[in-house]
Every structure is written in structure tokens, then in C-alpha cells.
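In what comes next, chain A is part of two complexes: it sits with chain B in the first one and with chain C in the second one.
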Partner chain A sequence: MKLMRSFFQTAYTAFASGFTYRANTALGVLERLVRISVPLFVWSALYGASGETVINGRTLGEMMIYVLISQTCTALVSADFASTIENRMRTGIIEYNFIRPIPPRMIFVGEGFGQSLYALLLTGIPAAVLAAVLIPQIGFSLSPVYLLLFITSLVLGYVVSTVFELLKGMFAFWFVNVYILNWFMDLFYVLLSGAFVPLWFYPDWLRAIAAVLPFQAAYYLPVEIFLGIRDIPGCFSALGVQLFWIVVLWILQEILWRKSVYKLTVLGG
Partner chain B sequence: MIHCQNLTKNYRTVAGKGPFSFGRQKDSESFLAVDRISFHIASGEMIGYIGPNGAGKSTTIKMMCGILTPTSGELTVNGLVPYKNRQKNARQIGVIFGQKSQLWWDLPITSSLKLYQKMYEIPDDVYHERYMQLCDMLELDEFADRPVRTLSLGQRMRGELAAAVLHRPPVLILDEPTIGMDVVVKERIRTFLKELNSAYGTTILLTTHDMTDIEKVCARAIMINKGKKLFDGTLEALRQNSQSDSRVTVRLEKAVPPWLEARLRGLEKPKAGTYIFRLSHTDEENRLLSEVLQNNRVLDMYIAEPTLEEQVAHYLGEGEAR
Partner chain C sequence: MKTIKRYISLGLALIRMGWQSQISYMGFSALLSYVAQIIQFASRFGVIWLMMLSFTNLAGFGLWEVLVIFALELFSYALANAFLQPFWKMRDLVFGGEMDFYLVRPVNTLYYIMTKGFAPGYTAHIVLSTIVLVTASVQLGRFTSPGFWLLVILTILVGAGIQFGLRCIPAFLTFWFGNIDNLHWLVGQFRNVVRYPLSIYPFFIQAICTFLLPYAFINYFPSLLLFEKIGLTEGIVLFCCGILVSALMVALPVWMFSRGLRRYESGNG
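For the complex of A and B:
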């Protein structure tokens, strides 16, 4: 309980910190608006040019929902606290995280949570506006069961991305400068998570690769559930996949964390 | 309150790791940062922990915080072994690393303080009381609502102090808190530390390169160099032990005869009749002084005691020679 209070206050502080640059926040909303609109225009043009109403089994309406939901989810999992850890490692400020009565990782995750909420708010406003305009045209409904499954999956997706971010952060303890490593990770993330292009457009072999990697568990699976592509058992197996990755990534980061702490405390950074 | 017994920290560093040494055989090299240091600090003491750069001060401090694990020896802070109980130890220590910040850069200090209030589980009413008190002592009011990034270095350090003592730790560890501060801010920090000590009996360990900080705040100094303890005792004892020279400036009516002049150490004669020389406090040198003044009329005389800084430098110099 006391840990939760510290956690939420940390998140709140990080969230508040996002608002200090008001012009930046305003521009951020605008940037997200562009970022969501561009794929909407692109897909509309592609569907229009092909003359088909259904491509790869998906209608333009589904495609638009996909863009709205996936961009919103991207914001939620966009906290980059791995680079915060890296930065603190380089400047030595990390020491302050180790002299608090709460575990250092809780501080990192709390700050990441605050950043995510801030990013979600930036994206949420334009996404809501676009949804209000588009959804009535497309006509879309979601049953309560699917909504519940979607929210569950979204939370699990957030946990997957958070644990993955922790894992990335642990590398900072070893290599100190992990910019290039993170760049590669982000590339994989964009390609294989289905954030940019939905996985159903991928050739089978690329989809097979994506299926065995953790990236899609972060937010492609929630979007699939939202779109009703999966039947109920399929939804549960998606949740199972997410849980599987949470466990696997958690074990990996736990091993690295122990080694990192050993390196920092015993070998001296 | 703080107890060290043969405390040792040995770093393993990778030798010859230049920027272009890819794939070369890496030898690990051992480096003794802290070498069998022992001391005991009682509750409520204010200790100056001094020594040149790279002496091992920060390493000792990090061990007290539990960030570093000692290679061997014992260390307890208020009865706890820091590296085994890092989080528990965190509640009883306040820490300042003068070159790093624990405040949120883009937010006013009050935001950071509220965060630490939750972390250290301080009830709201207690927090408000302490905040008002700290406002008073550190004059936080004038900048409390401005983002930390807009503060001057001195203002920021006052904020850092507030953050470090908010949970009223029995032990306060300060690693160069006055670095880069102007005289006024330094003085305010010293006053604050003394007030804190007298009001709550806070044990203070202060690391600084400014010997005035030590003189004004601490009764006892522990000096280390190259990981070894050189001195541990009162400032008085440090002065007596160091035996560095006083500087005598004297203006005389008649010139000092050359044979006597030859015996004066470090002699300078900026003007005719003015003599500046060094004098230690030994009987022999005191006799020399009376010889110089004999059969002469003193027009003006001035004796400068060595500063603590000179004494420490002298002490360290002797340590090197030994």
C-alpha cells in the first residue's frame, strides 16, 4: 500500500513534468493528430485506388479503427524509461534512485507510467476527435465481453512493454551507451509489433517471425481483440500469449537486474 | 552512529581500455580505493571528512549509503549494515551529492518534496510543519514555486538540503555541498547544518574542499589520502600536529645583519626594512625571532597563523614524504 502511494506519486510527478512546456504539449497534440491522420489518408487512398472494398479480409472501416486504436495504444506503451536509466547511469544520478526506501525499479516504472499517461493524453484528444468524426460513418459496435477482453489485453500489453523497457534499461548497466541497441530494438518494435502496418498484410514468413517474438504481444493483440478478428477462445489464447511473454521477459530482466546491481554495488559501476 | 572497522573497497578496473582497444586482451587491475579505514562517529557529532581528490571519500560515502558493497571490513550506520538493508538504511540517512541533483528539473521544488513525502511516508500535517520550518531556515519561499531549472546554483542547493532532511534522518551525509557556491550561500548552508545539529542532534558527515566549511561546522576531522586514514581528531589536534609555519611580516628601523638574515627561512624583502619570513612554533625559532628584534626598533609587525587549508596541505605533503 505504502509502495503504491510512492508509485503513484512518482507517476504523478512524471506526468506533471510533461506539462511544464505548454507549447510543447500543444504541438504534441498537433503532431499526434498528423501522425494518426496520415495513415488514415494513405489507407483510404489505397482502398480507393484498388477499387476493392475488402483487402486481405479487412474493410476500410476496420482499417481506420485499427489506425485509431493502434496509435492510441502506441502512446500508452511509448514511455522510454530505458533511456532515462541509461542517462542516469552515465551521469551517476542513478545513485539517488538507490538511496530511497522504495525499490529502484519501482521508481523507473512509476516514472514510465506517468510518461505513458501524458503521451496517452496527447494522443487521446486527437484520436477522440477523429473517432467522433469517423466512427458514425463506418458504423461500429463492440460487445461488452469484447470490451472487457480488450481492456484486459491492453493492460497486459502495457505490462509486456514495461517489462521489455526494463530489460532494455538493464543493458544500460552493462554498456552504458545503448543508443544504437535501442535504435535497433525500436526498429524491430515498429516492424514486428504491427504498430505501423497491421500484421495481416505481412507475408506468412514475416508473420511467423512476428508471432514468436514479444513485440506483437505489446499492442497488436489488443487491437485484434478490439476488431473482433478473434473468436472468444482466440481472445483467451491471445491473453495467454501476453502472460507468457510477461513471465519470460520478467525472468530475463530479473536475472539481468541482479547482475546489474552486483556490477554497480560490488564492482563499482 | 557510524562505525567502520578495517573498511576496505577494492575496485577491479579494466586496464588499457582506451577508445580503440577493441578485442584486445583485457587485464583486470585491482585498485584499492579505501584501505582498512577504521573510525567511530558518535551520535550528534559533526565530522569533516577531508582529503584530496581521489582520496576515497566518495567511495566511503557510497558504502555508507549502501550503494557500494565493501570488499572487506565492517561498516554499520545506526546499527544497520547499509548494503544488506539498503532500503531500511535509506530511511535513516539523508544524502547530498553536491554535483548531482535529486530534484525534478522541470518542476518546482515543492513537487519533489511532495514526492519524497510519500516515499518516506510522512503524514500530511507533519509534512506541512516541516515544510514551513525548512522554508524558514532555508528561505525557500522566494523560489519555491519556480521550476528547478530556473534556479541559481545556491537556490537549488537550498532545495537539495530541504529534500535531504525532509524525513528528518538521524544521519546526514554531504558530499561537497558547497561546491561552486558563493560566500553568502556557503555561510547559509553552514548555519543550517549547525541549526539542524543543535535542534535534532543530527549526525553530520561533511565532505568538502573548503576548509572554512570544516572550521565553521565541524569539531572533528577525519583525513584520508589514497584510501588510508591519515588523521582523526579535533581541529585543534590537527593544527598542532601539522606544525606548519606562521608567516611573520616585520618592518624594522635598522637592517638585519647578513649572518642573521641567512638563518631566516623563506625570506622575502619587498621593501628596504621590511622582512617577511616563515616561523615554526619551536623554541629555537622563537629564539631566532627575539634575536632579529634585538637592538632594533619595531615599526610594524604582523604574524599570520597558517590557515587550516595550509595545515591540511602540509599534513598531506608530509604524508607523501613519509
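For the complex of A and C:
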């Protein structure tokens, strides 16, 4: 109980620190508005130029919803605390995380959670405004069952990405330069997560590769459930895939963590 | 004349030192980071490819033409930003007192910061965009056209001047307004806007990208001339406007920096 309170306090501190500069937060909302708007315009132009209303079985309206939901979900699941771990390794500040009465990983995850909520708020505001304008025109509705499944999938997606970030963060103990790993990972995140282009537009061979990697479990599956592309058993199999990746990634990071802590060398002090 | 020579040789020496220090300090990691950056940005080109896979054109531009638009932006961005890395941490320079280090040198402060902070990593972006430009020129049957390449080179140089302004102006506003990191991100977000033909956006976004944040002169307007989407005279007039805008975007930050320095108070007492 005490640990959970500490966890939420850490998350709250990270969340609140985002609001230190209010003008900065307002600019952040505008920045996210631009970020969300670009794919909306691109897909509109692509559909408009094709002269078709349905491409690969999907309408422009569905694409609009996809963009709004995937951008919002991405904001939630994109906390980059592997870089925080790297930075602390580099400067030696990591030692403070080890001498506190909270497990270090809980601190990393707590901070990441706070940052995620802040990013979700920044993205959620413009996404909600755009949704309020677009959804009545598109005529999209969501049943309570699918909403529940979506929320469950979103939470699981968050856990997948969090455990994956922890796993990446472990590499900081061995190589320090996690940002290089982050750049390499960008290839997978951008091309194979389905967060930028929905997987139904992918060629079969690329979709097959994406299916055996954990990225779509974090970013794409919740969106697919939200859009109602899967039937109920399909939704449960998607949740099963997410659970599978949570278990696999957790085991990997646990093994690596046990080895990593013995590698830790803090200079100075 | 002697002073100019001295500045050039000093600048070249500092750039060389930047390369050498990165190679000797990071060694294999430096090479790996270049490869990682190429992969990272290749994934952005990949997104455009995936988006257009099921469509024939985007506002009248084919796949390779859109890729050229993106490559022109990326190349000019890298060319300018290779010298502007220190301004990513403008807050530390101004409020952390790090500017002191540069102010005590007997050379122009802005020039010294730029050359001392040379970031070799941007060569990865240049290599990648060159590969894309060459491949696209072959695909479009323009590889052997001297006019095409002359226009591409001039566009990149003009674009680099505009990128210089778009990076420096928000950074130098820190002298007056404190922490406005998200303004950098907001301005930077318009880079995503101009990755695609500007004609897909509504008028107000086109106006922003032309008159307020003149990204349109970096790639979109030159691409109209490059791909003969407008008449020659019209295209040349637009290109000349781009040259003027570029000159302004270089002169304005230089003036702002000299004014801003007068407000600088060393943070370390």
C-alpha cells in the first residue's frame, strides 16, 4: 500500500512538472494539434485523389477515427524512460534511485506514467476537439462492450510498451548509449507498429513481420478493437496476444535486470 | 580579408575537432549512431511509401515526387542544424550560465558557438536524402538533367538559410521569454506539414507555411518548378522570393542574437 502511494506520488510529480511553464503547456497542445492534423489532411487528400470511397475495405471516415485514436493511444504508450535511465547512468544520478526506499524500476515506471498522462492530456485536448467536429459527420458509434474491450486493450498496450521500455532501459547498464538503440527501434516503431499507417494498407509480407513483433500489440491492436474491425472472439485473441507479449517481455527484462544491477558502476561521490 | 581568412580557418579547425573528438571518444558507437540515424529517417520515407502504396498520387504528386519533397526538406534541415546543435539547449546557455564559456573567446560569439558545436551526426541525414534524391531522379528519368541538379542544389542552399532562421528565432526568443521549449517543437512540427505537398492543406495552413513559418520555400515551391507543375516564369519568381526569404531568415536571428546577448546575465554569478 505504501509502495503504491509512493508510485502514484512519483507519477504525480512527473505529471505536475509538465505544467511548470504554462505557456509551454499551451504551446504543447498546439504542437499536438498540428501533429494530429497532418495525417488527417494527408489521408483526405489520398482518398480524394483516388476518387474511391472505400480503399482496402476502409472508408475515409474510418481512417479519420483511426488517426485520432492511434495518435491519442500513442501519446499514452510512448513514455521514453529508457532515455531517462541512460541519462542517469551517464551522470551518476542513478545511485539516488537505488538508495531510496522504493524499488528503482517502480520509480522509472512511475515517472514514465506521469509523463504519459501529461502527454495524453496534451494530445487528448486537440483530439477531443477534432473528434467533436468529425464524428457527427462520420456517424461513428461504439457499443459499451467494445468500449470496455478497448479500454482493457489500451491498458494492456500500455503495459506492453512500459515493459518494453524497461527492457530497453536495461541496455543502459551495459552500453550506456541507449539513444542509438532508440534510433534503431524507431524503424520498428514507425514501420511495424501500425501507429502511423494502419496495417490493412501493408503488403502481406510486411504485415506478417509486424504480426510476430510486439509493437502492434502496444499501438495497433487497441485501435483495431475501437474501430470494431474484430469480432468479439477476435478481440479476445488480440487481448491474448497482448498478454503473451507482456509475459515474454517481462521475463526478458527480469533476467536482464538481475544481471544489470551488478554491472552498475557509479563514478564520483 | 585577413579577418575573414582567420575566421574560416578557425571554423574549419573547430569542425575538424568536432569530427575527431566524436570519433575518438565514441569510436565504433559514432559509426553505429550514423547508421542508426539513417535507419531512423529511412523509416519516415517508408511511411510515405506505405501511405501511397494503395494510391496513385497525392494532390497530383506521385510517390517519387513526394519523396523528393521530403528529401529536400531533410537535406536543408541537416545542413543548417549540423551547426545549430547548441541551440537545442538554449535554456542552459542563457539561464545555466553556459554562455560564459563562449563569451570569453576573442571571436564572434554566434560563429564560435555554431562551429564549436558542429554535430557530425547530421551527415547521416545528408547521406540518406542524397540517396533518395538520386534514386528518385533515376525513377523520374531526370538523373542526367543538369537543370534538375542545379535547381536541387540551389533549393537546398536556400532551404538551409530558412531552416537556420526557423531553428534560431524560437531559440533566441529564450533571451526574452524564458523557457519556451514547446515553441521549438511547435515550429518543428511544421516540418511534418511540409513533408507532403502543401496543396493538400486548407488555405490558412498554406498561409502559415508561406508567410509566418516560410517552410513552403524550402521544398514545396521549388518542387512546383522542379516537376513543372507551374509555368517557368512563375516558378522563377517564386524561387527568387525564396532567396529573399532565406536572406531574411539568416539576417534576423543574427540581429536577434546580438540584441539578446545584451540581456544575458551570467547564471553562475
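Following the convention adopted for this analysis, the second predicted complex is superposed on the first by the 264 of 269 C-alpha atoms of A that agree within 3 Å, B and C clash if a C-alpha of one lies under 4 Å from a C-alpha of the other, contacts with A are read in each partner's own complex, and residues count from 1 in each chain.
Everything that follows uses one rule, which is that a contact is a pair of C-beta atoms (placed from the backbone, for glycine too) under 8 Å apart; a residue touches a chain by one contact, two chains touch by 3 or more.
For clarity, every value in this text was computed on a predicted model and none was experimentally measured.
In the overlay built on the shared chain, the residue A:Leu46 is in contact with chain C alone; chain B does not reach it. Residue contacts after overlaying the shared chain place A:Phe98 against chain B, while chain C stays out of touching range. Of the two partners chain B and chain C, more residues of chain A are touched by C. Of the two partner chains, chain C is the only one that A:Asp186 touches; chain B does not reach it. Judged by the touch definition given at the top, the superposed model places A:Asn87 against neither chain B nor chain C. Shared contact residues on chain A (touching chain B in one structure, chain C in the other): 21.
Contacts from chain A toward chain B in the complex involve residues 2, 5-6, 9-10, 13, 16-17, 20-21, 91-93, 95-96, 98-103, 264-268.
Against chain A, in their complex, chain C makes its touches with residues 26, 29, 32-33, 36-37, 39-40, 42-44, 46-47, 50-60, 177-183, 185-186, 189-190, 192-193, 195-197, 200-202, 205. Taken together, the chain B residues at the contact with chain A in this complex read 9, 11-12, 33, 59, 62, 65-69, 83, 86-88, 90-91, 93, 95, 97, 100-102, 104-107, 111-112, 114-115, 117-121, 147.
For chain A in complex with chain C, the touching residues are 21, 23-25, 27-28, 30-31, 34-35, 37-38, 41-46, 49-50, 55-56, 177, 179-181, 183-184, 186-187, 189-191, 196-197, 201-203, 206.
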